[in-house]
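You will see two complexes here that share subunit A, one where it goes with subunit B and one where it goes with subunit C.
This part shows the complex of A and B:
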(Lines of atoms letter the chains of each structure in order from A and count residues from 1; the text may use other names and numbers.)
(Lines give C-alpha, C1' and ligand atoms only; values in the text may rest on other atoms or scores of the structure.)
Protein backbone atom coordinates (compact mmCIF):
# COMPACT_ATOMS: atom_id res chain seq x y z
CA UNK A 1 0.00 0.00 0.00
CA UNK A 2 1.29 3.45 -0.83
CA UNK A 3 0.68 6.15 1.77
CA UNK A 4 2.36 9.45 2.58
CA UNK A 5 3.00 9.98 6.30
CA UNK A 6 4.14 13.31 7.67
CA UNK A 7 7.86 13.52 8.42
CA UNK A 8 7.34 16.52 10.67
CA UNK A 9 7.74 16.14 14.41
CA UNK A 10 4.82 17.35 16.48
CA UNK A 11 3.73 18.47 19.90
CA UNK A 12 0.96 16.25 21.27
CA UNK A 13 -2.23 17.98 22.41
CA UNK A 14 -2.76 15.08 24.77
CA UNK A 15 -1.67 11.63 25.74
CA UNK A 16 -4.81 9.49 25.70
CA UNK A 17 -5.11 6.16 27.51
CA UNK A 18 -8.10 4.46 25.84
CA UNK A 19 -9.48 0.94 25.77
CA UNK A 20 -8.90 -1.01 22.57
CA UNK A 21 -12.60 -1.95 22.47
CA UNK A 22 -13.49 -0.85 18.94
CA UNK A 23 -17.07 0.05 19.93
CA UNK A 24 -15.62 3.25 21.43
CA UNK A 25 -13.15 4.18 18.69
CA UNK A 26 -15.61 6.46 16.89
CA UNK A 27 -16.29 8.16 20.23
CA UNK A 28 -12.57 8.87 20.57
CA UNK A 29 -12.49 10.36 17.09
CA UNK A 30 -15.49 12.57 17.86
CA UNK A 31 -13.99 13.63 21.19
CA UNK A 32 -10.69 14.53 19.54
CA UNK A 33 -12.56 16.63 17.00
CA UNK A 34 -14.57 18.38 19.73
CA UNK A 35 -11.38 19.15 21.65
CA UNK A 36 -9.60 20.37 18.52
CA UNK A 37 -6.75 17.89 18.80
CA UNK A 38 -4.30 18.00 15.92
CA UNK A 39 -2.05 15.30 17.36
CA UNK A 40 -2.48 12.84 20.19
CA UNK A 41 -0.27 10.12 21.56
CA UNK A 42 -2.70 7.24 21.84
CA UNK A 43 -2.09 4.43 24.32
CA UNK A 44 -4.80 2.01 23.20
CA UNK A 45 -4.88 -1.05 25.39
CA UNK A 46 -7.34 -3.53 26.83
CA UNK A 47 -9.04 -1.96 29.84
CA UNK A 48 -7.86 1.59 29.14
CA UNK A 49 -6.90 3.17 32.46
CA UNK A 50 -7.59 -0.03 34.42
CA UNK A 51 -3.91 -0.87 34.83
CA UNK A 52 -3.34 2.50 36.51
CA UNK A 53 -6.00 1.85 39.13
CA UNK A 54 -4.61 -1.38 40.47
CA UNK A 55 -1.67 -2.34 42.57
CA UNK A 56 1.88 -2.15 41.26
CA UNK A 57 2.29 -4.41 38.24
CA UNK A 58 4.20 -4.65 34.99
CA UNK A 59 1.09 -3.42 33.16
CA UNK A 60 0.92 -0.37 35.41
CA UNK A 61 4.60 0.39 34.85
CA UNK A 62 4.17 -0.01 31.11
CA UNK A 63 1.29 2.47 30.91
CA UNK A 64 3.02 4.96 33.18
CA UNK A 65 6.12 4.78 31.00
CA UNK A 66 4.06 5.39 27.89
CA UNK A 67 2.58 8.52 29.46
CA UNK A 68 5.98 9.74 30.63
CA UNK A 69 7.41 9.15 27.17
CA UNK A 70 4.61 11.18 25.60
CA UNK A 71 5.31 14.04 27.99
CA UNK A 72 9.06 13.85 27.42
CA UNK A 73 9.10 13.38 23.64
CA UNK A 74 6.02 15.27 22.53
CA UNK A 75 5.43 17.68 25.40
CA UNK A 76 1.90 16.45 26.20
CA UNK A 77 0.42 18.70 28.88
CA UNK A 78 -2.91 16.93 29.08
CA UNK A 79 -3.38 13.32 30.05
CA UNK A 80 -6.74 11.71 29.35
CA UNK A 81 -7.70 8.50 31.12
CA UNK A 82 -10.73 6.51 30.07
CA UNK A 83 -12.82 3.58 31.26
CA UNK A 84 -16.05 2.44 29.67
CA UNK A 85 -19.33 0.62 30.09
CA UNK A 86 -19.30 -3.16 29.61
CA UNK A 87 -15.52 -3.46 29.59
CA UNK A 88 -14.28 -7.00 29.14
CA UNK A 89 -11.28 -6.25 31.32
CA UNK A 90 -13.70 -5.94 34.24
CA UNK A 91 -15.76 -8.93 33.19
CA UNK A 92 -18.38 -6.79 31.43
CA UNK A 93 -21.45 -5.10 32.86
CA UNK A 94 -22.65 -8.41 34.27
CA UNK A 95 -19.90 -8.21 36.89
CA UNK A 96 -21.67 -5.35 38.63
CA UNK A 97 -24.90 -5.31 40.61
CA UNK A 98 -26.51 -2.83 38.21
CA UNK A 99 -25.71 -0.04 35.77
CA UNK A 100 -25.30 2.58 38.49
CA UNK A 101 -23.01 0.37 40.54
CA UNK A 102 -20.83 -0.14 37.49
CA UNK A 103 -20.56 3.59 36.93
CA UNK A 104 -19.77 4.32 40.57
CA UNK A 105 -17.12 1.61 40.81
CA UNK A 106 -15.43 2.62 37.58
CA UNK A 107 -15.50 6.29 38.60
CA UNK A 108 -13.64 5.31 41.76
CA UNK A 109 -11.14 3.40 39.65
CA UNK A 110 -10.63 6.50 37.51
CA UNK A 111 -9.96 8.59 40.61
CA UNK A 112 -7.29 6.11 41.66
CA UNK A 113 -5.68 6.17 38.22
CA UNK A 114 -5.74 9.95 38.17
CA UNK A 115 -4.11 10.21 41.59
CA UNK A 116 -1.33 7.84 40.54
CA UNK A 117 -0.55 9.74 37.33
CA UNK A 118 -0.57 13.09 39.16
CA UNK A 119 1.80 11.68 41.75
CA UNK A 120 4.14 10.12 39.21
CA UNK A 121 4.28 13.29 37.13
CA UNK A 122 4.23 15.79 39.99
CA UNK A 123 7.38 17.43 38.67
CA UNK A 124 5.81 18.33 35.30
CA UNK A 125 4.43 21.86 35.45
CA UNK A 126 1.06 22.74 33.95
CA UNK A 127 -0.04 19.14 33.49
CA UNK A 128 -3.73 18.26 33.69
CA UNK A 129 -5.00 14.74 34.17
CA UNK A 130 -8.62 14.40 33.03
CA UNK A 131 -10.77 11.33 33.58
CA UNK A 132 -13.71 10.16 31.47
CA UNK A 133 -16.30 7.42 31.51
CA UNK A 134 -17.44 6.28 28.07
CA UNK A 135 -21.07 5.25 27.74
CA UNK A 136 -22.87 4.00 24.68
CA UNK A 137 -24.64 7.39 24.53
CA UNK A 138 -21.57 9.58 24.92
CA UNK A 139 -18.55 10.55 26.96
CA UNK A 140 -18.92 11.73 30.55
CA UNK A 141 -16.29 13.82 32.29
CA UNK A 142 -15.72 12.56 35.81
CA UNK A 143 -15.60 15.48 38.17
CA UNK A 144 -12.23 15.61 39.83
CA UNK B 1 -32.78 20.83 33.81
CA UNK B 2 -34.86 17.76 34.62
CA UNK B 3 -33.61 16.60 37.99
CA UNK B 4 -34.31 13.49 40.00
CA UNK B 5 -32.84 12.87 43.42
CA UNK B 6 -33.38 9.42 44.86
CA UNK B 7 -32.46 7.49 47.97
CA UNK B 8 -33.00 3.80 48.44
CA UNK B 9 -36.24 4.52 50.26
CA UNK B 10 -37.86 7.38 48.38
CA UNK B 11 -37.83 10.10 45.79
CA UNK B 12 -36.33 13.19 47.39
CA UNK B 13 -36.85 15.57 44.48
CA UNK B 14 -38.24 15.22 40.99
CA UNK B 15 -38.89 18.03 38.56
CA UNK B 16 -37.41 21.04 36.84
CA UNK B 17 -34.50 22.74 38.56
CA UNK B 18 -32.49 25.85 37.85
CA UNK B 19 -29.43 24.64 39.71
CA UNK B 20 -28.11 22.06 42.10
CA UNK B 21 -25.19 22.59 44.43
CA UNK B 22 -23.41 19.74 46.18
CA UNK B 23 -20.16 18.57 47.68
CA UNK B 24 -18.05 16.27 45.55
CA UNK B 25 -14.81 14.50 46.09
CA UNK B 26 -12.94 17.50 44.73
CA UNK B 27 -15.03 20.22 46.30
CA UNK B 28 -18.31 22.04 45.92
CA UNK B 29 -19.90 22.26 42.48
CA UNK B 30 -22.97 23.99 41.11
CA UNK B 31 -24.65 22.48 38.09
CA UNK B 32 -26.78 24.64 35.81
CA UNK B 33 -28.72 23.91 32.63
CA UNK B 34 -26.77 22.61 29.65
CA UNK B 35 -23.86 21.40 31.70
CA UNK B 36 -21.55 19.05 29.86
CA UNK B 37 -22.14 15.35 30.51
CA UNK B 38 -20.64 14.70 33.92
CA UNK B 39 -20.47 12.07 36.61
CA UNK B 40 -19.23 12.63 40.11
CA UNK B 41 -19.03 10.93 43.47
CA UNK B 42 -20.78 12.97 46.17
CA UNK B 43 -19.47 13.47 49.66
CA UNK B 44 -21.10 14.41 52.91
CA UNK B 45 -22.81 17.78 52.94
CA UNK B 46 -26.07 19.53 52.22
CA UNK B 47 -27.31 19.54 48.65
CA UNK B 48 -29.13 22.70 47.62
CA UNK B 49 -31.59 22.59 44.76
CA UNK B 50 -33.19 25.71 43.30
CA UNK B 51 -36.38 24.62 41.56
CA UNK B 52 -38.00 26.22 38.53
CA UNK B 53 -40.01 28.59 40.77
CA UNK B 54 -36.84 29.72 42.55
CA UNK B 55 -37.62 27.86 45.74
CA UNK B 56 -34.71 26.24 47.55
CA UNK B 57 -34.72 22.62 48.70
CA UNK B 58 -32.11 21.28 51.08
CA UNK B 59 -31.17 17.60 51.21
CA UNK B 60 -28.62 16.26 53.69
CA UNK B 61 -26.28 13.88 51.89
CA UNK B 62 -24.07 11.22 53.45
CA UNK B 63 -22.68 9.98 50.15
CA UNK B 64 -23.92 9.61 46.62
CA UNK B 65 -23.51 9.76 42.91
CA UNK B 66 -24.43 12.40 40.34
CA UNK B 67 -24.92 11.98 36.62
CA UNK B 68 -25.77 14.62 34.04
CA UNK B 69 -26.45 13.46 30.52
CA UNK B 70 -26.18 15.35 27.25
CA UNK B 71 -29.90 16.11 27.31
CA UNK B 72 -29.57 18.23 30.48
CA UNK B 73 -31.14 15.51 32.60
CA UNK B 74 -29.57 14.97 35.98
CA UNK B 75 -29.93 11.95 38.23
CA UNK B 76 -28.58 11.91 41.75
CA UNK B 77 -28.53 8.84 43.96
CA UNK B 78 -27.88 9.59 47.60
CA UNK B 79 -27.55 7.98 50.93
CA UNK B 80 -29.16 10.46 53.26
CA UNK B 81 -27.01 11.81 56.06
CA UNK B 82 -28.03 10.60 59.52
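This part shows the complex of A and C:
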Protein backbone atom coordinates (compact mmCIF):
# COMPACT_ATOMS: atom_id res chain seq x y z
CA UNK A 1 0.00 0.00 0.00
CA UNK A 2 1.37 3.41 -1.00
CA UNK A 3 0.73 6.30 1.36
CA UNK A 4 2.77 9.41 2.06
CA UNK A 5 3.26 10.21 5.76
CA UNK A 6 4.88 13.31 7.20
CA UNK A 7 8.48 12.93 8.35
CA UNK A 8 8.17 16.00 10.55
CA UNK A 9 8.65 15.38 14.24
CA UNK A 10 5.86 16.67 16.42
CA UNK A 11 4.97 17.82 19.91
CA UNK A 12 2.17 15.72 21.39
CA UNK A 13 -0.82 17.61 22.79
CA UNK A 14 -1.31 14.71 25.14
CA UNK A 15 -0.33 11.19 25.99
CA UNK A 16 -3.61 9.28 26.16
CA UNK A 17 -3.82 5.93 27.94
CA UNK A 18 -7.01 4.31 26.56
CA UNK A 19 -8.40 0.78 26.38
CA UNK A 20 -8.25 -1.02 23.03
CA UNK A 21 -11.96 -1.95 23.29
CA UNK A 22 -13.28 -1.01 19.85
CA UNK A 23 -16.65 0.02 21.28
CA UNK A 24 -15.03 3.19 22.62
CA UNK A 25 -13.08 4.10 19.49
CA UNK A 26 -15.68 6.64 18.32
CA UNK A 27 -15.76 8.21 21.77
CA UNK A 28 -12.00 8.71 21.69
CA UNK A 29 -12.21 10.20 18.22
CA UNK A 30 -14.96 12.63 19.30
CA UNK A 31 -13.03 13.54 22.44
CA UNK A 32 -9.86 14.28 20.46
CA UNK A 33 -11.83 16.48 18.10
CA UNK A 34 -13.52 18.32 20.97
CA UNK A 35 -10.16 18.95 22.65
CA UNK A 36 -8.64 20.15 19.38
CA UNK A 37 -5.75 17.71 19.46
CA UNK A 38 -3.42 17.91 16.48
CA UNK A 39 -1.12 15.13 17.65
CA UNK A 40 -1.37 12.63 20.46
CA UNK A 41 0.65 9.68 21.64
CA UNK A 42 -2.05 7.07 22.08
CA UNK A 43 -1.10 4.26 24.44
CA UNK A 44 -3.87 1.84 23.64
CA UNK A 45 -3.80 -1.23 25.81
CA UNK A 46 -6.18 -3.65 27.48
CA UNK A 47 -7.81 -1.97 30.46
CA UNK A 48 -6.46 1.51 29.68
CA UNK A 49 -5.11 2.90 32.97
CA UNK A 50 -5.85 -0.32 34.90
CA UNK A 51 -2.21 -1.32 35.42
CA UNK A 52 -1.42 2.08 36.94
CA UNK A 53 -3.93 1.55 39.73
CA UNK A 54 -2.57 -1.69 41.07
CA UNK A 55 0.30 -2.43 43.36
CA UNK A 56 3.86 -2.28 42.05
CA UNK A 57 4.18 -4.71 39.17
CA UNK A 58 6.00 -5.14 35.90
CA UNK A 59 2.81 -4.12 34.05
CA UNK A 60 2.63 -0.91 36.06
CA UNK A 61 6.27 -0.15 35.26
CA UNK A 62 5.64 -0.90 31.60
CA UNK A 63 2.75 1.57 31.33
CA UNK A 64 4.58 4.23 33.33
CA UNK A 65 7.47 3.83 30.93
CA UNK A 66 5.14 4.37 27.98
CA UNK A 67 4.08 7.72 29.44
CA UNK A 68 7.68 8.69 30.19
CA UNK A 69 8.63 7.79 26.62
CA UNK A 70 5.92 10.08 25.27
CA UNK A 71 7.11 12.91 27.51
CA UNK A 72 10.73 12.39 26.46
CA UNK A 73 10.14 11.95 22.73
CA UNK A 74 7.25 14.31 22.09
CA UNK A 75 7.12 16.60 25.12
CA UNK A 76 3.59 15.61 26.20
CA UNK A 77 2.49 17.90 29.04
CA UNK A 78 -0.97 16.50 29.47
CA UNK A 79 -1.58 12.91 30.47
CA UNK A 80 -5.05 11.46 30.00
CA UNK A 81 -5.99 8.28 31.82
CA UNK A 82 -9.15 6.36 30.99
CA UNK A 83 -11.13 3.44 32.37
CA UNK A 84 -14.47 2.31 31.04
CA UNK A 85 -17.68 0.47 31.78
CA UNK A 86 -17.80 -3.30 31.05
CA UNK A 87 -14.06 -3.63 30.50
CA UNK A 88 -12.89 -7.11 29.51
CA UNK A 89 -9.62 -6.60 31.38
CA UNK A 90 -11.67 -6.49 34.62
CA UNK A 91 -13.86 -9.41 33.56
CA UNK A 92 -16.67 -7.09 32.44
CA UNK A 93 -19.43 -5.41 34.43
CA UNK A 94 -20.43 -8.75 35.90
CA UNK A 95 -17.31 -8.61 38.08
CA UNK A 96 -18.91 -5.81 40.13
CA UNK A 97 -21.92 -5.99 42.45
CA UNK A 98 -23.86 -3.45 40.37
CA UNK A 99 -23.45 -0.47 38.05
CA UNK A 100 -22.83 1.99 40.89
CA UNK A 101 -20.23 -0.23 42.51
CA UNK A 102 -18.41 -0.49 39.17
CA UNK A 103 -18.37 3.29 38.75
CA UNK A 104 -17.21 3.91 42.33
CA UNK A 105 -14.44 1.31 42.16
CA UNK A 106 -13.13 2.44 38.80
CA UNK A 107 -13.21 6.10 39.88
CA UNK A 108 -11.16 5.11 42.92
CA UNK A 109 -8.68 3.33 40.70
CA UNK A 110 -8.42 6.36 38.45
CA UNK A 111 -7.50 8.51 41.47
CA UNK A 112 -4.78 6.00 42.38
CA UNK A 113 -3.44 6.01 38.83
CA UNK A 114 -3.49 9.82 38.73
CA UNK A 115 -1.55 10.06 42.01
CA UNK A 116 1.04 7.57 40.81
CA UNK A 117 1.65 9.35 37.51
CA UNK A 118 1.91 12.73 39.26
CA UNK A 119 4.42 11.29 41.71
CA UNK A 120 6.49 9.50 39.08
CA UNK A 121 6.64 12.53 36.80
CA UNK A 122 6.95 15.16 39.53
CA UNK A 123 10.08 16.53 37.84
CA UNK A 124 8.20 17.41 34.64
CA UNK A 125 7.14 21.05 34.88
CA UNK A 126 3.61 22.05 33.93
CA UNK A 127 2.32 18.50 33.68
CA UNK A 128 -1.38 17.83 34.13
CA UNK A 129 -2.92 14.42 34.68
CA UNK A 130 -6.62 14.16 33.83
CA UNK A 131 -8.79 11.13 34.56
CA UNK A 132 -11.90 10.02 32.68
CA UNK A 133 -14.53 7.34 32.98
CA UNK A 134 -16.11 6.21 29.70
CA UNK A 135 -19.73 5.11 29.71
CA UNK A 136 -21.86 3.89 26.84
CA UNK A 137 -23.59 7.28 26.83
CA UNK A 138 -20.53 9.51 26.98
CA UNK A 139 -17.29 10.51 28.64
CA UNK A 140 -17.04 11.82 32.21
CA UNK A 141 -14.21 13.67 33.94
CA UNK A 142 -13.54 12.30 37.41
CA UNK A 143 -13.09 15.14 39.87
CA UNK A 144 -12.33 15.06 43.56
CA UNK B 1 -17.73 13.29 41.28
CA UNK B 2 -18.30 12.76 37.56
CA UNK B 3 -18.65 15.70 35.20
CA UNK B 4 -19.97 15.19 31.68
CA UNK B 5 -17.30 15.94 29.09
CA UNK B 6 -19.23 14.79 26.04
CA UNK B 7 -22.33 12.80 25.27
CA UNK B 8 -22.07 10.04 22.69
CA UNK B 9 -23.87 6.74 22.41
CA UNK B 10 -21.53 3.75 22.02
CA UNK B 11 -22.68 0.24 21.21
CA UNK B 12 -22.75 -2.14 24.17
CA UNK B 13 -22.65 -5.14 21.83
CA UNK B 14 -19.66 -7.39 22.27
CA UNK B 15 -17.71 -8.09 19.11
CA UNK B 16 -15.29 -10.50 17.52
CA UNK B 17 -12.02 -8.82 16.58
CA UNK B 18 -10.73 -9.59 13.09
CA UNK B 19 -7.21 -9.08 14.41
CA UNK B 20 -5.15 -7.79 17.26
CA UNK B 21 -2.83 -5.16 15.77
CA UNK B 22 0.48 -4.08 17.28
CA UNK B 23 1.60 -0.67 16.11
CA UNK B 24 3.74 2.10 17.58
CA UNK B 25 1.99 5.07 19.21
CA UNK B 26 3.92 7.34 16.83
CA UNK B 27 1.42 9.86 15.48
CA UNK B 28 3.21 10.28 12.13
CA UNK B 29 2.11 6.82 10.96
CA UNK B 30 -1.42 7.15 12.32
CA UNK B 31 -3.02 8.16 9.00
CA UNK B 32 -1.31 5.26 7.25
CA UNK B 33 -2.55 2.89 9.93
CA UNK B 34 -6.11 4.17 9.53
CA UNK B 35 -5.86 3.84 5.75
CA UNK B 36 -4.73 0.22 6.23
CA UNK B 37 -7.73 -0.42 8.49
CA UNK B 38 -10.05 1.01 5.84
CA UNK B 39 -8.45 -1.29 3.27
CA UNK B 40 -8.96 -4.29 5.57
CA UNK B 41 -12.62 -3.34 5.91
CA UNK B 42 -13.10 -3.03 2.14
CA UNK B 43 -11.01 -6.06 1.17
CA UNK B 44 -12.00 -8.51 3.91
CA UNK B 45 -15.13 -7.05 5.48
CA UNK B 46 -13.25 -6.40 8.71
CA UNK B 47 -15.58 -4.73 11.22
CA UNK B 48 -13.63 -4.65 14.46
CA UNK B 49 -9.98 -4.68 15.49
CA UNK B 50 -8.16 -4.61 18.78
CA UNK B 51 -5.40 -2.08 18.03
CA UNK B 52 -2.65 -2.17 20.62
CA UNK B 53 -0.43 0.87 20.43
CA UNK B 54 2.68 1.09 22.52
CA UNK B 55 6.07 2.70 21.93
CA UNK B 56 7.84 0.60 19.31
CA UNK B 57 4.71 -1.47 18.69
CA UNK B 58 5.62 -5.14 18.16
CA UNK B 59 9.22 -4.47 19.19
CA UNK B 60 8.23 -5.71 22.66
CA UNK B 61 7.59 -9.18 21.20
CA UNK B 62 10.98 -9.30 19.50
CA UNK B 63 13.17 -8.28 22.42
CA UNK B 64 14.79 -10.36 25.12
CA UNK B 65 13.19 -8.23 27.85
CA UNK B 66 10.82 -10.70 29.59
CA UNK B 67 8.74 -7.95 31.24
CA UNK B 68 7.96 -6.20 27.96
CA UNK B 69 7.43 -9.48 26.14
CA UNK B 70 5.02 -10.77 28.78
CA UNK B 71 3.06 -7.53 28.74
CA UNK B 72 2.59 -7.78 24.97
CA UNK B 73 1.65 -11.47 25.13
CA UNK B 74 -0.91 -10.68 27.80
CA UNK B 75 -2.49 -8.10 25.50
CA UNK B 76 -2.98 -10.84 22.91
CA UNK B 77 -4.41 -13.15 25.56
CA UNK B 78 -6.99 -10.54 26.65
CA UNK B 79 -7.92 -9.83 23.02
CA UNK B 80 -8.29 -13.57 22.41
CA UNK B 81 -10.38 -14.17 25.52
CA UNK B 82 -12.57 -11.05 25.23
CA UNK B 83 -12.96 -10.84 21.45
CA UNK B 84 -12.10 -14.31 20.07
CA UNK B 85 -9.17 -12.95 18.10
CA UNK B 86 -7.31 -15.51 15.99
CA UNK B 87 -4.99 -13.22 14.04
CA UNK B 88 -2.14 -10.91 15.08
CA UNK B 89 -0.84 -8.13 12.83
CA UNK B 90 2.61 -6.75 13.58
CA UNK B 91 3.52 -3.32 12.18
CA UNK B 92 7.10 -2.16 12.62
CA UNK B 93 8.03 1.27 11.34
CA UNK B 94 11.11 3.18 10.22
CA UNK B 95 12.59 6.14 12.13
CA UNK B 96 11.06 4.83 15.36
CA UNK B 97 11.82 6.92 18.44
CA UNK B 98 11.63 3.89 20.72
CA UNK B 99 14.71 2.42 19.01
CA UNK B 100 16.54 5.72 19.34
CA UNK B 101 15.82 5.84 23.07
CA UNK B 102 17.41 2.40 23.35
CA UNK B 103 20.49 3.74 21.58
CA UNK B 104 19.82 1.72 18.43
CA UNK B 105 20.69 3.56 15.23
CA UNK B 106 20.95 2.42 11.62
CA UNK B 107 23.60 3.33 9.05
CA UNK B 108 21.31 2.93 6.08
CA UNK B 109 17.69 2.30 5.09
CA UNK B 110 18.67 -1.20 3.98
CA UNK B 111 20.11 -1.97 7.40
CA UNK B 112 16.98 -0.65 9.10
CA UNK B 113 14.68 -2.76 6.89
CA UNK B 114 16.78 -5.86 7.49
CA UNK B 115 16.65 -5.22 11.21
CA UNK B 116 12.83 -4.85 11.25
CA UNK B 117 12.43 -7.90 9.03
CA UNK B 118 14.47 -10.01 11.45
CA UNK B 119 12.67 -8.50 14.44
CA UNK B 120 9.30 -9.31 12.86
CA UNK B 121 10.35 -12.94 12.52
CA UNK B 122 11.37 -13.07 16.18
CA UNK B 123 8.09 -11.43 17.18
CA UNK B 124 6.12 -13.93 15.11
CA UNK B 125 8.00 -16.81 16.77
CA UNK B 126 7.18 -15.36 20.20
CA UNK B 127 3.48 -15.19 19.35
CA UNK B 128 3.44 -18.68 17.82
CA UNK B 129 5.21 -20.19 20.81
CA UNK B 130 2.45 -18.99 23.18
CA UNK B 131 -0.46 -19.16 20.71
CA UNK B 132 0.33 -21.86 18.12
CA UNK B 133 -3.00 -21.47 16.31
CA UNK B 134 -2.74 -17.71 15.93
CA UNK B 135 -2.25 -16.44 12.39
CA UNK B 136 0.47 -13.79 12.19
CA UNK B 137 0.98 -11.12 9.52
CA UNK B 138 4.09 -8.95 9.45
CA UNK B 139 4.43 -5.44 8.01
CA UNK B 140 6.91 -2.58 7.87
CA UNK B 141 5.61 0.98 7.59
CA UNK B 142 7.72 3.77 6.17
CA UNK B 143 6.94 7.33 5.08
CA UNK B 144 5.83 6.13 1.65
CA UNK B 145 3.57 3.23 2.56
CA UNK B 146 3.08 -0.14 4.17
CA UNK B 147 4.93 -3.27 3.08
CA UNK B 148 4.03 -6.87 3.85
CA UNK B 149 6.98 -8.98 4.98
CA UNK B 150 6.82 -12.53 3.66
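Definition applied: the second predicted complex is superposed on the first by the 143 of 144 C-alpha atoms of A that agree within 3 Å, B and C clash if a C-alpha of one lies under 4 Å from a C-alpha of the other, contacts with A are read in each partner's own complex, and residues count from 1 in each chain.
Operating definition for what follows: a contact is a pair of C-beta atoms (placed from the backbone, for glycine too) under 8 Å apart; a residue touches a chain by one contact, two chains touch by 3 or more.
The structure displayed is predicted, hence computed values, not measured ones.
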Quick check on the superposed pair: does A:20 touch subunit B, subunit C, both, or neither? Answer first, second, both or neither. second
For A:121, select first, second, both or neither according to whether it touches subunit B, subunit C, the two together, or no partner. neither
After the superposition on A, what does A:64 contact: first (subunit B), second (subunit C), both or neither? neither
Chain touching more of subunit A, residue-wise (subunit B, subunit C): C
With the two complexes superposed on chain A, say which partner A:100 touches: subunit B (first), subunit C (second), both, or neither. first
Looking at A:2 after the superposition, I want to know if it touches subunit B, subunit C, both of them or none. Which is it: first, second, both, neither? second
Once the shared chain is lined up, is A:139 touching subunit B (first), subunit C (second), both, or neither of them? both
Would you check which partner chain A:111 touches, where first means subunit B only, second means subunit C only, and both and neither mean what they say? first
Do subunit B and subunit C touch any of the same residues on subunit A, and if so, which? 103, 107, 133, 137-144
Residue numbers of subunit B touching subunit A in their complex, please. 24-26, 29, 36-41, 65-70, 77
Parts of subunit A lying in touch with subunit C, wherever the complex brings them together: 1-10, 12, 20-24, 26-27, 30-31, 34, 39-47, 58-59, 61-62, 65-66, 69-70, 72-74, 86, 88-89, 103, 107, 132-134, 136-144
Please give the residue numbers of subunit C that touch subunit A in the complex, ascending. 1-13, 15, 17, 25-32, 35-36, 39, 48-55, 67-68, 70-71, 74-75, 78-79, 81-83, 95, 97-98, 101, 141, 143-146
Subunit A - residues contacting subunit B, complex: 100, 103-104, 107-108, 111, 133, 137-144
